[in-house]
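These are the structures in question, set out in turn.
Two complexes, one shared chain (chain A), two partners (chain B, chain C).
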Partner chain A sequence: MNTKGSKFRTFYLSLFFVILYVPVLSVVLYSFNKSSSTAQWTGFTFDWYLQLFNDRVIFESFKISMVVAIITSTVSAIIGTASAVISSYVSKKVESAINGVMFLPLIIPEVALGLSLLIFFTELNLTFGVPTLVIGHSLFCVPYIYFMVQLRLQEIDSSIIEAAKDLGASSWQIVKTIILPLVIPSTLTGSLLAFAMSLDDVIISTYMAGPTGTTLPVHIFSMMRTGVTPKVNALSTLFLLGTFLLIGLNQTIGRKGEKFYEEN
Partner chain B sequence: MKKSTKERLKQNAPAVPILVYLILLVGIPLLLVVLLSFFSRDSLGNIVFELSFDNYKKMLDPVYLRVFFNSFILAILTGLISLIIGYPVAYFTAGLNRKSRSFLILLIMLPFWISSLLRTYGWTILLGKDGLINNALIFLRIIDKPLNLMYNFGTVLTGTVYMLIPYMIISIYNSVDKLDRSLLEASYDLGGSKLKTFFKITLPLTMPGIARGYTLVFIPALGLYYISDLLGGGNTMFLGNLINNMATRGRNKPLASAFAIGMILLVLLVLFIYSKVSKNSKESLL
Partner chain C sequence: MKEQLLSLKKVNKFYDEAHILKDISLDIKDGEFITLLGPSGCGKTTLLRCIAGLESIESGDILLNGESIKDLAPNKRNVNTVFQNYALFPHLTVFDNIAYGPRIKKVTKEDEIKVKVDEMLELVKMEGYGDRMPHQLSGGQRQRIAIARALINNPDILLLDEPLGALDLKLRKYMQTELALLQKQTKTTFIYVTHDQEEALNMSDRIVIMNEGRILQVGSPRDVYNNSNSLFVADFIGDRNIKEVEVVERKEDFCSVKLGKSIIDIRTDRSMVKPNECDGKVYLAIHMDKMKISYDKVDNSLYGEITFVHYAGSQIRTEVDVDGEKVTVIEYQNDYDNYRIGDKVYISWEENGAILLPKEDIEKRGN
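Presenting the complex of A and B:
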């Protein structure tokens, strides 16, 4: 490429990535501002973080969020992986039926999904709380893991499975010793994604939360709508740090998984 | 070899729990939304079980049609702006060397992991009355009174594009990346200009990525009500806000259901168009 073109390319990409990250960075920056308004930078402080740790409501909703995210990612990993493995065994017709329904929660806007579960659970007279939150979040987490694992399954060399069959392995032995070890990395990546999505969800959580407590994002959302203090910034910054830890974890798992795949 | 009914049953039996799970959590709830949309509610918010088309008639009220229109325009424009801004990003990124390419892809994907509330809230810090942009402009003496950058359609559009553009870029990138570069060289060798080569070869060949990206951006743009709440301040009503308000504060689940059905139909229409446009390509939406 000529230099003029490559200069424009560098300029365009730099501008884009600056704009992509400026909103995020400004939230972080103002979490350390003494003044509660963004009008002026009045000095550096950790006060907002200290206030955060003394806020009981935030702590309680954080606890709910973590519990929901941990259960959701575990349950979704099991259901999603099992469904994907099973769907590779059943007839093509049944498989495409499962694919079709799994696809629905991913394409229907969350407001409509949340509303549908709200109506269903109200009719069933269920108490809203952690269990309904887990069910609501699994609704969109299971399909993600399902499709990720399915993608991995398609990559598996079918001659390995043929060979195992010829040597007299049962279906269960094949699943246990060949298929599961090969798809586990996808399951783990998927459940980390599910964990992050569950922790971040606002819309479905709004519908699924109980009267006694809600998740952190729903609480943050109501904080943002009413009076905003840099406490929100501090909270978001801590969340961001947590996210980066997760991504680091994900990269490590991904690399280990690749190695495993290459070795086998 | 044809399988007997018994063999087929045995083969498909493991799928039963999955189908039960899906029917219970996806099928029945959605069916209930359809049913409820034909009911109404009394003054206490209790549901009256009497079939009628009243909710759908209400949807044709100009006030509500306007909401559909707003959401539709928002989603169309979100797709269009994401495409215009995102295409060059994807195209340029795909032309870089391996190392910088994977670094930039990481930067594009990273926002998926960052809280969407945080990303939305960032714009209020930038665009607010005493936000960073106004402060900078006043400091540079370009303006002397803060501009009204918040709480309008443009603000919501900015926030929605910002939230969804990574989907567009990744979709297009995947298409550009698969592009057979020898075709471009052949075009240059035959005397095709850069511009002509782009419009005659690159653009048509990356169409599947564009169609997929547009669909992936359009659909969520219809329902992300927290963006229009935080950045639009309720000045423009969108479908997501309307459904949410009616279902929660308005206590009118039947009407909310009718609007949800309207929204789902809009999504299905987009998917139908997508399947027509991309029927020649093997790429699936995900």
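Presenting the complex of A and C:
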């Protein structure tokens, strides 16, 4: 009975991972395929990677993606953390109002969100490019950081704040010396998440890009229209590698932050 | 006589509808070790938080060195608190935790702060722990750091909110002695909140007994232990047999009361009830550990049958049925610890162990 159950579990889990990762693995594998077709394996090569590095357009769009992701994660970190800290100081009513506002961008379908931003920015006569991309991405990145920091804030023992007050700290000093240091790990993990989300966003970016702001995912998407070449595979592989690095970094920071709370 | 360090004047505190502190008045002298003792929910922690400034008061006044501090924010009052769960800053080292107060105030130079922190670490016997993080310390060690962090500010008063509550029994007893020593050493006024009477009796100069938002009795440990002024205090402090008895005769300094079929004399010089007030029914309270069992007849004693013997190592608790009333006697190991259930015995007591209390409680008499 028991072994039967565990066998089923093993089978189920294996199936899950096969379905999840085999396509990903094949993408990685075919990025090293000599033939430009994905139908058959004809030999090992780095050619597609070389082509990739020599492609000016891809390099430009990669640069835009990075710039947008860096600015977005920074801006979102500041706005998200500040809003979360502020929300802990206001009345319950105002706090739930802020929560509601933060939830909206997560609920509204991205297609609709992108479209409304497009119309709004056109009305404002804004030039589409990096700034509009940053605003668009921040819209859905801020809430993640906000909620992550808020969760952390709720974990902080209120007597720690009282102790600081008792020892002579003003409200601002408490924020600076106690609250911020305690939530920074959450802010960092949140902004890494924001970085990753900004980096691989397609929908909002498509609306916000304009002629000068084609991000890498948008470019990959357009490359697909002319058929898949192993160059796309190579690009995806690098993207994957970058994402894994980010996740690893995220985990390390997260674990460091956890330590403070272990016994509190 | 020195001026009062802290004066509470008719302090009242409400949470919504609930009246948490009712007309609390109390004077505390410099250098005293005062304990606020009472069951959970009696308002003792709230009173402490009002003194610290973490709670506001609705009416009355709090004077520190003669000046009202009731409207001052906690960071402007020269009192510091040791919290029940220590409340150390988890992201700061032990050193930085202790240095927090002086650094925030920005009046002391960093090299002076270092000297002071080292002094504090030595005071609480935690030298060499400056670089540790709070989560690397045991409960007792954290407690010491919390005390050091508060004391470095040279507070007029150190407020301690059940600081030993989370420690195990052995460590708690050890820390009691340490705390009392520390208080003598630093000559700082301590206001200590606890629900543990042993802690209170052990450490305090004076004990303030509270119940339901009121102060019932203020006195030295010996005073509140022996001369409890109300039924609540008598029941709360120490282990006592408390029985409703009938007054049969009133003399100048004692009353004769009837418990079961026995008529016994109780001296009234320590009691709240004076002979001329003895009227019908009163409460008799006798410390269990000031009673003695004997097989031979003794004057002024109760007579009954042993119904149960609890052997608890150093002490023996014997339950005796006195005409239907259960009387418990606590004796320490002696030669006569072979009581058998069913034995007929006499129970006597030390005179200072017995008091008479009025039927209605002191608070209801509007005292």
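Structural remarks
The criterion applied here is as follows: the second predicted complex is superposed on the first by the 257 of 264 C-alpha atoms of A that agree within 3 Å, B and C clash if a C-alpha of one lies under 4 Å from a C-alpha of the other, contacts with A are read in each partner's own complex, and residues count from 1 in each chain.
Basically, a contact is a pair of C-beta atoms (placed from the backbone, for glycine too) under 8 Å apart; a residue touches a chain by one contact, two chains touch by 3 or more.
These numbers come from a predicted model, not from an experiment.
In the superposition on chain A, A:Leu182 contacts chain C only, with no contact to chain B.
Comparing chain B with chain C, the partner in contact with more residues of chain A is B. Once the two complexes are overlaid on the shared chain, A:Asp157 sits against chain C while remaining clear of chain B.
By the document's definition of touching, of the two partners only chain B reaches A:Tyr89; chain C does not.
By the touch criterion defined above, A:Leu238 lies against neither chain B nor chain C after alignment on the C-alpha atoms of chain A. Of the two partner chains placed by superposition, A:Ile253 touches none, neither chain B nor chain C. Of the two partner chains placed by superposition, A:Leu126 touches none, neither chain B nor chain C. Of the two partner chains placed by superposition, only chain C is touched by A:Asp166; chain B is not.
Touching of chain A by both chain B and chain C, each in its own complex, is seen for no residue at all. On chain C, the positions that touch chain A within their shared complex are 52-54, 73-75, 80-81, 83-85, 87-91, 100-101, 104-105, 133-135, 149-150, 153.
Residue ranges on chain B touching chain A, taken from their complex, read 8, 11-12, 14-15, 18-19, 21-23, 25-30, 32-33, 36, 85, 88-89, 92-93, 95, 104, 107-108, 110-111, 113-119, 121-126, 128, 130-132, 135, 162, 219-220, 222-226, 229-230, 239-240, 243-244, 247-248, 253, 256-257, 260, 263-264, 267, 271, 285-286.
Against chain C, in their complex, chain A makes its touches with residues 157, 159-160, 162-170, 173, 177-178, 181-182, 259-264. Per the touch definition, chain A reaches chain B in the complex via residues 1, 9, 12-13, 16-17, 20-27, 30, 37-39, 79, 82-83, 86-87, 89-91, 94, 97-98, 101-113, 115-120, 123, 135, 138-139, 147, 196, 199-200, 202-203, 206-207, 217, 220-221, 224-225, 228, 232-233, 236, 239-240, 243, 246-247.
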